[in-house]
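Two complexes, one shared chain (chain A), two partners (chain B, chain C).
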Partner chain A sequence: MSTVTWITARGLFGRSRFLMLLPLPLVLIGLAVLCRSLGVDPGQWGPPVLVGLGLAVVLPVVALIVGTGVLGAEIDDGTVVHILTKPLPRWQIVLPKLAVAAGVSAVTVAVPLYVAGVLADSVRLGLALVAASVAGALAYSALFLALSLVSRRPVLLGLVYVLIWEGLLGRFVDGTKVLSVQQWVIALADRIAPTALLGTTVSVPVAAVLTALVTVGFTALAVDRLRSFSVAGETS
Partner chain B sequence: MTALHTQPAADAPAATTSTLDLAGVSRWYGNVVAVNDVTMRLGPGVTGLLGPNGAGKTTLLHMMAGFLAPSRGAVTLDGEPTWRNPGVYRRLGLVSEREAVHTFLSAYEFVLASAKLHRLPDPEAAARRAIELVELEGAQGRRIGTYSKGMRQRTRVAAALVHDPQVLLLDEPFNGMDPRQRLHMMALLHRLGDAGRTILFSSHILEEVEQVSGTVQVMVAGRLAASGDYRTIRRLMTNRPHVFAVRSTDDRALAVALMAESSVSGVELGRTGLTVKAGDYGAFTRALPRIALRHGIRVRQLLPEDESLESVFSYLVEA
Partner chain C sequence: MSDATGVIHDIGYQRYTGPRLGRRQVFGALYGHGLRTVFGLGRSAKAKIFPWLVVAVVTVVAAGLTAVRSQLGQVVLTYAQFADAMSWLVIFFVAVAAPELVSRDLRSGVLPLYFSRPLPRGDYALAKLAALMTALWLLLGGPQLVMFLGAAFTTSRGMRGVWDELLDLLPGLLYAGLWAVVFASIGLLVASLTGKRAFAAGGIVAVFLMTTPVVGVLSIMPSRTVNELAFLASPSSLVSGVGTWALGDLLTQGQEGGIPIGGFGPVYAVVAVLLVAACVSLLLLRYRKVAAR
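Coming up: the complex of A and B.
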């Protein structure tokens, strides 16, 4: 494990902010178990729990907390200077941080989605949700990591994207779905395990290409911004 | 470079020396000019960057360390720009003013992580050596979160020294240190300077600079106000006129008597008392009670008026 990865992981798990990750996945599993045990028709509870809660809320919110935390928290408290005063090409700082962010988000989200997917339909749907949410975690993490270098309020910007763009506009303006990570994840999962529970207007090739583009593009942006990282003048 | 890492830091002479050059460097934020056309060359030895708070010392240090782009001019280390060039950190170490450390790590883990990030051939040995240098062996296994401010500062110095850089920049390194730690840090900087490293530290406290370095760069309001040997600057400062506010039972009579005193260079009679300018602080404060006694005048108030650092520095600018 690289030193940057090690420090990032220690920093992430050492902060109380990390505990905020736990309730959402537990709620997701709890709801799925409850519906299944009450014998509710999966056709009724599947879409709101899997998509409405899992892919529209749990995945982006977990990725937002982790993605803005891996670098943003260090920028906020100034410890980023310790990593930056090293003769490392900046991609060697961004990539390990992205790996930690995407990895932690993916595990946190994929496990409850797998459980919910199995309870709603089949192991195949569970695995499809795992694969698609890993891809989604990667794209979201790259986006939120870059946001923490572009803006001083990355969490706010991230929430605006998730709640306003994906959540609100995505529901009423069909065209916005093309630029929605959430819709790409749905398209990818539906392709792996075709089911009536998932549905989107975005085609699979578009979803795959855009997921890759967003991941690579925002990672490159983050590397470039980190190269020009300025410490704000604290002189009065 | 590699040979340097295997030698004990501080006491070993630097194999090569580095020069940090600033050529016409300015930095502004919107309409506010933080650093204004500063040109200086820093070579081996300890240099103090002196100036009141808000003079632009931190901004200048950040530009030297590659954490801020100059709005105009160039900052180079041995001819290479420091901005957008992480390679310079092989030769440069920075201890920033902000007390930022990974509190969840121990000092040893923190310094070791620095050594590993520098890709040193034997990071464990380098980390142990750096921790010895700042005398933190006893507490190195404890979490940094449990440290005092001075200990955190020393941890950061150890991390900045772990790769034995030729250039070390320290922003207000003595802040929060107790007198013993301060002496120790001063001795360490001396040793590093004597061994051929280029050391620059900023401070707003004259005495700190006096004790550590012979060469001083004085900044006032973003400009380089004075530059050179500390003794020359100190002499300018001791010879500067001091201004006192004096109130007595008979200001007019006292004014007349004071004008005869050689240490007094001017007296102004105001409604609330006298404003006295004296060339020699000690001679005047000794003479005043004697003169007052001789003339049967009682001095009610004696206040030095211009002892703020800002006034001392601005005097330097005029000198």
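Coming up: the complex of A and C.
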């Protein structure tokens, strides 16, 4: 475990504001348990809880806050200089940070999704959701980490993607679903455990290839952008 | 060293003896500045990107709806349904605007400067809140005005048609005001908790988005009462519930719409009032604490 990993993890967990992330998974588990204990048909509560809350809200929002936080917070307060001036190749800075971001988001999202998946259908659906959400967490984290190097306002750009592209356009314009991480995650989970609860128009090979492509591509972009990085003050 | 040799010269500085503007002007200045901040006026181009992106999208949607209506004579969305359909953009706008209004001041530590003026603690928070409410109302009301103008100029029934259209617009604007009040109070409260704009924006979006699926789940519960009370769980459906109860047919104009709240309309109104009151008083408490630091 490299020092960068250690610093990043401590930067994330060392503050009390990390606790702000906890309500999201807790609500997810709470709703699943509530529905199950009241005996509501899983066909009815599955889609709103698993997709509507889990994959469409908790996964992107957690990945956004964590993914832009691992590097963005240091850029914001200027302490990124301390890491950049060490004789480290840039990829040794980006990859550990990406690993921490993806790992934290994956754990925060996969655990409640596993519980909800098991309660909704079967252990197989739970495991499928875990696998798919880990892939999704990787893709989202790579995307948002790169955003925090491309722009000074990474959270807002990320919100544009999550809210407007995936949320608004994804609902009304079907074509945009091909380029939506959320739909890829649904497609992958549905392929591993075919149920009536998840459904999407994106084909599985496309989803798998694009997920890998986004992860690798945006990581490469982040490494490249960090190669010639200028530290500036807060935008006015 | 016992001899006092220093002399204080009178070099002619004068005290300000003119009229001093009072509390109302301070409040007004803060409100005006807040409203300009929300839209990025008087700031760099970068600060204008996100607010005006949202304004552009809602205006384009309104123009599209107007065009469809004038060509096909079909009302796709009424004024109130327009506000409902734009809810995600409103959430995004709050996530952009609220941190700009309060988080920057917290971060850069200028609050002691504000509070060294004759400015009560509460006034600072209320001025910011009023600015955000006005901005949200403008965001929803402006496109509605575009839709109204489009409908008014293409009506085939002369002044009578324009008058009917105006009667449809007014409840729509009132409804937009309801959206503005509820969303601004919640958003500003969340933003005032942290000095980091990034975290404030994430927190606001998390609060608003997390509650929406809760409504979806509660409305399929096996109890009718729970179903009809489910819409209390999320700010946007709470606003719809109050609108359905208070304005009723004026909002949907005879179309399909409204949400099934049963006979619980007054409950929705009371909860909405309590929610706004709670948010505002927590905000005031928050600024009492911040100011004491």
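Note that the second predicted complex is superposed on the first by the 230 of 236 C-alpha atoms of A that agree within 3 Å, B and C clash if a C-alpha of one lies under 4 Å from a C-alpha of the other, contacts with A are read in each partner's own complex, and residues count from 1 in each chain.
Here is the rule we go by: a contact is a pair of C-beta atoms (placed from the backbone, for glycine too) under 8 Å apart; a residue touches a chain by one contact, two chains touch by 3 or more.
Fair warning: this is a prediction, and the values are worked out from it, not measured in the lab.
J.: Putting chain B and chain C onto chain A via the overlay, clash or fit?
T.: Result for chain B and chain C: fit.
J.: Examine A:L24 and indicate which partner it touches, taking first as chain B and second as chain C; both and neither are also allowed.
T.: In the superposition, A:L24 touches chain C alone.
J.: Figure out whether A:W45 sits in contact with chain B (first) or chain C (second), or with both, or with neither.
T.: Only chain C; A:W45 stays clear of chain B.
J.: First (chain B), second (chain C), both or neither: which does A:V4 touch?
T.: first
J.: Please compute the chain B to chain A to chain C angle from C-alpha centroids in the superposed arrangement, rounded to the nearest 10 degrees.
T.: For this superposition the angle at chain A equals 80 degrees.
J.: Going by the touch definition up top, name the partner, chain B or chain C, that contacts more of chain A.
T.: The partner that reaches more residues of chain A in the superposed model: C.
J.: Tell me which partner A:L163 touches in the superposition: chain B (first), chain C (second), both or neither.
T.: After superposition on chain A, A:L163 lies in contact with chain C alone.
J.: Minimum Cα separation, chain B versus chain C, post-superposition (Å)?
T.: Scanning every C-alpha pair, the shortest chain B to chain C distance is 7 Å.
J.: Please report the chain A residues shared by its interface with chain B and its interface with chain C.
T.: The answer is residues 235-236 of chain A.
J.: Using the touch definition up top, name the residues of chain B that touch chain A in the complex.
T.: Residues in contact with chain A: 27, 29, 34, 53-59, 62, 65, 67-69, 84, 86-90, 92-94, 96-98, 100-102, 104-105, 110, 113-114, 116-119, 159-160.
J.: Contact residues on chain A for chain C in the complex?
T.: Counting only chain A, the residues touching chain C are 17, 20, 23-24, 27, 31, 34-35, 38-40, 44-45, 48-49, 52-53, 56-58, 61, 64-65, 68-69, 72-73, 76, 152-156, 159-160, 162-164, 167-168, 235-236.
J.: Mind pulling up the chain C residues that touch chain A in the complex?
T.: Where chain C meets chain A, its residues are 43-44, 46-47, 50, 53, 57, 88-89, 91-92, 95-96, 194, 196-199, 201-203, 205-206, 209-210, 212-214, 216-217, 220-222.
J.: Which residues of chain A touch chain B in their complex?
T.: 3-4, 6-7, 10-11, 14, 77-79, 81-90, 227-231, 233-236
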